[in-house]
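Supplied in structure tokens, the structure appears directly below.
Naming follows writing order (A, B and C), and every chain is counted from residue 1.
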């Protein structure tokens, strides 16, 4: 089925499965992830390194290197059309225009031999067949929008600090007013006060342009500030999802609970943290049944057998765990 | 609990399994082209080593009754203008080429790496002076420099090696220096300093082993380059002189007879080509195997 | 408890082609034995340089360093070796802080071997003991760093730092490069080791929740200057310096029901090269006045709570 009701969701990811083949091994990076985003909504994809979040984002834009990566299942619907079934030409029209991505490291996201103004203008020109002269005022306006004086149009990336480079990258991502912005750890490399500036700016832009956003991060604080919905990702699966209130007021999955208790609090007194024991699983060799069971204190035999389905705790709040909802 | 000795023995055994060297070897083995190159080189080396036993004729024995003969059963690669068996000459010539190649690289790498390592680690004035001196050397095209030195010192194999080595030193020095500058910033070097390691230990145990990768590749390619350069020197009359069977000298002598007796040019030419090619294939394989993506 | 470390007006400048870089400028504080002093600040504040200068990986440009009451500012030779054995460092990057060609065993035994005070058997014993202490399985003895994950690599770094039984350990962002769940494990480990061995830590980080957890006292740095020093919990309850206030308010909070008003700083961090005299935060401070451009002094506002701000009383 290629089409879905257009009005419901802007972007829909259904049962996405992605694998990497490296050195004879099959690495199961994404194992059946689904989520939906409405217009203007911000979804937080939370997980640690190797959970598969970046792979999901790159799959949406179809910029996964193939080989070694391969989408082996699922679909991504943008305004009802399946992106995976589109031709390369059609996808190019989407990239940068309907869906944009901001990558983690602003230091390497900009080409050092071109001015930042030219780089922003290039994005505009690729999608709106206009001349350089006409693109210039648009690019300059974007710079102002992200808080950089337009006079700095002809400066080179090395003349900017990390925070400003990230703002330029965001300006490039927003150049064509995309419907969906994929932000992959956009502030991880930045100082806390600069991060506050950038998050503030993203928030304002989102409100002004009604852009939907997928915020990929491991920082629960950022998610709380910026997102409406959250999906917690572990070993390529969504283990818990719901609204901000669902996740922050009623965290249910043992991994989610573990994440919250691993982070030192800013308000309470603690002498010891309660980390999640053990290590994240090797995606080339995932545990049977529930991927989290080796590290879970509630695990039982049933947890090791089959893949755990998502259960709905309260409307919209889903958990992938046999032990939630029951008394512990 | 095992005694310390038993533990250590077991340790030594298992330690090798996953060292970087092992991993590099495994990756290299998977590279068919590199293995082909290595195989050819081994054959050439064996031929050179066992030349006295394999060669059907004395390489300097002239025979005016059978000059300019094409390849035949008696003379596999034919004879040259003095009736000498080309195949035998090529076998002995391999000794010249290989020894020149290896010696040149050994000398230039040793000097270059030492200079570059000290310059990179110590920095300051020493670094600056050395770099300027190397600048001067590198401002002259390698061949011209080699020719100039060889012309000054005179012909012969040892002078050939000296001139080639001198012109290659700057390359190794710079490359080593760049590697050292890169690694010096690594925190494990700072860590070594914090646990009271002396500078010499830091350079030898911590920095150099990690800087070696590009040098190994360069050295392999360097052997090829040296062989080619030696052949070129002989070709222009410097370096190894006739009647010594150095491949370049053979080429040089044969160039007057290209039209009528092409086999005299083709045989040493193709031999040089195959040797260089196999060295390059091996070098490329090494470069891929030593790729820093080893981090995985 | 006496002061194990006293730093007085410490300076570290670097000569660059564009001028003198004031990485650490006139920093004064003291640390009591067995406690942890946290040093926080953002990029370019000089906290890493401060740590490295104190343990003599870098040579100080001015000021004094007193260790157990002894002046160790300018030492060399045998005395420097002794200082180094007493003051160790754990690095930030678990990838670049270990020699990729050394096994776990090689890395941990090296400080012991270099000190020349132990026999071969003692070295082996100690190494095995250290691995156990930091939670590394003995079978990992022969593993290379590239075979291990960040958390385990960092444990190697901890073991190496503790090999010579130091009294003082500088921890330069030791958990910043680790995943959250592994961070917590390493932080607990460091806490336990501190208790067991009466270690004194200087914990350098940009992560405020981590520093609050592990520190007894916290120093806040900005562009090489020390702007505020305070007992840890007090700093979060009652931050005084405008920069500290902005820093704390910038932390994204997981409390979704009490969204606070964030102080957004204007402008960018200035350059530490040939800086103008006075408070370096003044250019971005909403309370800046003329007096801010004169050299500031560290004043004690309440018990152990020092601030370097001429307008502190008016701000309140």
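Methods note: a residue touches a chain if its C-beta (ideal position, glycine included) is under 8 Å from a C-beta of that chain, and two chains touch if they have at least 3 such contacts.
Bear in mind that the values here come from a model prediction, so they are computed numbers and not experimental data.
Q: Moving only from a chain to one it touches, give the least number of moves from chain A to chain B.
A: 2
Q: What is the chain whose Cα centre is as far as it gets from that of chain A?
A: For chain A, the chain whose C-alpha mean is farthest off is B.
Q: Which chain pair racks up the highest number of C-beta contacts?
A: Greatest count of contact pairs is found between chains A-C.
Q: Find the geometric centre of each of chain A and chain B from their Cα atoms only, then give the gap between the two centres in Å, rounded to an integer.
A: Each chain's C-alpha centroid was found; their separation is 51 Å.
Q: How big is the gap, in whole Å, between where the Cα atoms of chain A centre and where those of chain C centre?
A: Each chain reduced to its C-alpha mean, chain A and chain C end up 32 Å apart.
Q: Can you work out the whole-Å distance between the CA centroids of chain B and chain C?
A: Each chain's C-alpha centroid was found; their separation is 49 Å.
Q: Where on chain C is chain A touching in the complex?
A: Its residues touching chain A are 42-43, 149, 151, 179-185, 187-188, 191, 206, 208-210, 212-214, 233, 236, 246-247, 249-256, 259, 262, 264-265, 268-269.
Q: Please output the residues of chain A touching chain C within their complex, sorted ascending.
A: These residues of chain A touch chain C: 48-49, 161-164, 191-197, 199-200, 218-222, 224-225, 244-245, 248-249, 258-267, 269-277, 279-280.
Q: Inside the complex, what are the residues of chain C that reach chain B?
A: Touch residues, chain C against chain B: 52, 55, 57, 81, 84-85, 88-89, 91-93, 95-101, 103, 105, 110-111, 114-115, 121, 124-125, 141-144, 146-147, 157, 160, 163-164.
Q: In the complex of these two chains, what residues of chain B are touching chain C?
A: 4, 7-8, 11, 14-15, 17-20, 186-188, 190-197, 201, 206, 209-210, 294-296
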